[in-house]
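The two complexes that follow have chain A in common; it is paired with chain B in the first and with chain C in the second.
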Partner chain A sequence: MMRYVRLFRAFARVSLLGDMAFRGNFLIKVVVELLWLGLMVFFYDRLFDFTAAVAGWSRPQYFFFLGTYYLMESLIETFFLSNFGEFSELVRTGNLDLVLLKPVDEQFLISFRHVEWSTLPSAVFGLILMTRSILQLDVPPPAMAYVAFAVGLTCAVAMAYSFLLMLSATAVWLVRNQSLYELWWLFMSLMRYPKEIFNAPYTNAIGWFFTFIIPVLLAVNVPAASVVKLLDSQMIAYLVASAVILLFVSRRVFRRAMQSYRSASS
Partner chain B sequence: MPIVIARDLGKNYRVAEKQPGLRGAMRHLFARKYKIVRAVDGVSFEIEPGEMVAFLGPNGAGKTTTLKMLAGLIYPSNGSCEVLGFTPSDRADAFRRRFSLIMGQKNQLWWDLPAADSFRLHREIYNLPQDQFDRTLGELTELFRVEKLAKQPVRELSLGERMRMELIAALLHRPELLLLDEPTIGLDVVGQGIIQNCLREYNATRGITMLLTSHYMRDVEALCRRVLVINHGRLVYDGALEGITDQFGRVKLLRLQFAGPAPDLSRYGTVTQAVDRAATLQIDRSKASSILSDLLSQHTVTDLSVEDPPLEDAIARIFEQSATPVEAAIAS
Partner chain C sequence: MNTLSATPGILAAFRKYLRIFRVSLTERFAYRGDFFLGTFLRFLPMLTTILLWTAVFDGAKESGREELGGYRYREMIAYLLLVHISRMFSSMPGLASGIARDIRDGSLKKYLVQPLDLIGYLISYRAAHKAAYIVTSALPYAVIFGICYRFFDHWPDAITLVAYLISLLLAFVVGFAFEACVGMIGFWLLEVSSVLYIIMTLNYFVSGHMFPIDVLGEPWATFLKLLPTQYLAYFPATVFLGKTTGLDLTHGLIIEAIWAVVLLLLARVLYRTGLRRYSAYGG
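Entry: the complex of A and B
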């Protein structure tokens, strides 16, 4: 285990060195990312000038939700999204060969070989947004809420990881699977809003489907609600169970894909 | 005890057959037709520790597929192989620590960083102790004469320099077996020579086993005593390099220098060159001694040499003689 921590540190270091080789590009990426987030915050801030609550979430509650979403998105983008994005290219060009030759778990190497440092400042942005929201709450959340938040967020990131791993694995059979990534962006869009917005006659079924069948809506909702609204221990348990099952299944799918890999011409 | 054992090793690929044009694309969408291509078809050989073996064959002969099966990158369709006592397709970490595969057309170094950074990453990946890593790196940079290049971004190195860096990265964990797929591709003669010298020296000092594919006969002649020739997935020759010319070279080359103008020699064989007093004659190998004595008795020859034609010619003959591809068309 310690070996993998050291190895991850080495990947993070080399990625940072790579980013630093093109400082200008790196800084532009960071600034654009933060501008984008700032614009969203401005939009929601204006929205709350006209209403006291959106789907039962008050201004500070909603901004905590938004901060949680930014934090989660940043963790996903920083640690593994770009690696999975490149996976189909590795398969298509046969460069996956170079990964499979290393005496390291293939899944680890494919998932974490590059750290996208430029998206990490968004996590800090999210944390600031969350802290500010908590300070604006009438009643401070109990300590247990933070534990539930940490567990919930970890599980949400683990679920996103498993989903991306399975999505990437399909590249071994489909070779080009970019169209499947549209699914990922659809799920990310669903995570961005409180699940209560689906509490309407025609959308109840959609909300139910993405809560219990494909638990996308739980990802941000459950950890955020644990702190600023209601700590639903059943939902936390459901999230933990979903994450464990997804991690297990995705590893099996990935291993199966690696066995089907046929390499490319060289 | 052989370090590599391949027994009746085979690999089949299912390849989609597609007609050109829009109509072909539409048909392909609904009724796909596949054919099975036998990339490697029952290949058996053994390699002893310390051997340097060349794997020869035309493009698509199955060389790289065989190397990839030995490296555990792809699963054999039939037969089996054992490398360093392991079944490669299990991809055990203990196995992957003990060999390296270099592919001339792929690079594993970080493109925008100096090679030294990639080397450090390799140290972590292979979990090498710092002192062993420092010692090996020192030895290798000296052997490959790249002391001044390790701090330069890889993208700014010449192709030859980059290949040397790739080799260093591949040797840092001191593998016992080195599989090389076209290591000198695209390099000029000087660059090829440097890589050949380094590999030869490394083999002499470390006793590493090497299996090499290359289209450059210079690589093969400089490095390997034994060659495996594969064509259409089948092994058609396994033996000493010199044996190829003995077995497959039908002709000999005579280079002659006469006291006067070169006479008409066409009755002996094919005159490939005749300038002033010099002539080059290609003759039937089996008649070499009788033609020679005839020539010497009838003409005043001032200088003479008998040579084998270039190795490429003999290899080309093996390729021509060996069987046609094995395919089976199936519809699904």
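Entry: the complex of A and C
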């Protein structure tokens, strides 16, 4: 276990060194990331001039939700998204052989090889947005809410990780030439908005499907709601259970994919 | 003697690029599993966006407001659906980064040693991808528009439809030329990924892909309508919706055509100027 911690620290250091070699590029990435989040906040601010609430979320509640989403997105992008992005290329070119030959767990190596430092400042942006929203609330949330938030967010990131792992594993069978980022971005579109928007006659079933069968809708909703709306301990329990099951299943799927992998080129 | 040199002139050039079109089409279908998964997932954001706007307008109705930036609820949803059609023509995933990569790793020389023009080649290649994409997604889109027919007030008249089609075809050219210009930055900067990232991110916002530009209010709306990016998403959608009519429509199409030509020329000028700096790295 310690070996993996050491390895991860080495990966993080090497990634940072790489980024610092191209400081200008790194700085631009950070600025764009923050500029984008700023534009989004500007846009939602404009929306809330028009309406008092969206799907039952008031302005401060919605901005807390948004902050939670940014925080989660930033954690995903910083720690493993770019690694999975490269995975399909490793399969297509056959360079995965080099990973498989190393005396380290291949899932660990594929998931955490690179740390994308440039997206970490977005997490700070999310935290600021969340803090501002909490200060604007009429009633401050109880201490328990923060515990639920921490547990919920951890599970949500674990779930996102499992989904990404399974999504990349399909590259072995499909031989993908398309970027995983795009697929992932589409997938994220389910987490981006409050799940109450699905409360309409035709879409209830879809909302139910993505809550209980493929629980992506819970990811941002449950942690955010526990702080600014209602702490639903049953939902937290469900989120924890889903995260554990998904981590287990995704590992199985990944190993299965590795067994079907048949190198490429020469 | 090969067939290309046997029939010289424009016809031969046309045949050459037609062949590129065919090869690219076959390539596209070689990765069909991935292609269909991507097509399916593409509809998810469409659904969630519609639901978000429904929630926004439901909320606004309680405070007695029904119009945002000149759009009522049904128009807004219709707009958001139509933007997908605009982007179907104008988006060019990977074009700019592909050009920049060719410049950086030296593979650009394949265009220099062959009787093949970079921009001509790429536009044929992209046209093939677009054709494949439009054909394969026609059915799912037809289903979606069929389900969502109630968001549309009326089917536009023949003249509007013709204007719409022209605006879409021009959107393809504007989208292509715009990305090609961006890719040419690679001649001057070695690492372009971050510049591309800025442009693509901003583009999603300023082209009206996310919401009608008018929602931002003044002075932003007027400013964004001066940029060529509005033709990538916003303009064609408003043509179909009948929000741009009469003289505005004619002017809009003329300006779109001018942008298409200007950006294509710019891409060519940048390419020519860039080639003088180009030092063909790599083996």
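As a working rule, the second predicted complex is superposed on the first by the 260 of 266 C-alpha atoms of A that agree within 3 Å, B and C clash if a C-alpha of one lies under 4 Å from a C-alpha of the other, contacts with A are read in each partner's own complex, and residues count from 1 in each chain.
We take it that a contact is a pair of C-beta atoms (placed from the backbone, for glycine too) under 8 Å apart; a residue touches a chain by one contact, two chains touch by 3 or more.
Fair warning: this is a prediction, and the values are worked out from it, not measured in the lab.
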Chain B versus chain C as contact partner of A:55, first or second or both or neither: second
A:249 touches, of chain B and chain C: first, second, both or neither? neither
Contacts of A:28 with chain B and chain C, given as first, second, both or neither: second
Partner chain(s) touched by A:16 [first = chain B, second = chain C, both, neither]: neither
Touched partner set for A:205, first chain B, second chain C, both or neither: neither
Partner chain in contact with A:7 - chain B first, chain C second, else both or neither: first
Chain B or chain C, by number of chain A residues touched: C
Contacts of A:237 with chain B and chain C, given as first, second, both or neither: neither
First, second, both or neither for A:128, with chain B first and chain C second: neither
Contacts of A:173 with chain B and chain C, given as first, second, both or neither: second
Residues of chain A that lie at the interface with chain B and also at the interface with chain C: 22
Residue ranges of chain A in contact with chain B within the complex: 3, 6-7, 10-11, 14, 17-18, 21-22, 94-95, 97-98, 100-104, 106, 259, 261-263, 265-266
Contact footprint of chain A on chain C as seen in their complex: 31, 33-35, 37-38, 41-42, 44-45, 47-49, 51-52, 54-60, 62-63, 65, 68, 93-94, 191, 193-195, 197-198, 201-202, 205, 210-211, 215-217
Parts of chain B lying in touch with chain A, wherever the complex brings them together: 13, 64, 68, 71-75, 91, 93-94, 96-97, 100-101, 103, 105-106, 108, 110, 112-113, 117-118, 120-121, 124-127, 153, 181-182
In the complex with chain C, residue positions of chain A that touch it: 22, 25, 28-29, 32, 35-36, 39, 43, 46-47, 50-55, 170, 173-179, 182-183, 186-187, 189-190, 192-194, 196-198, 200, 203, 206
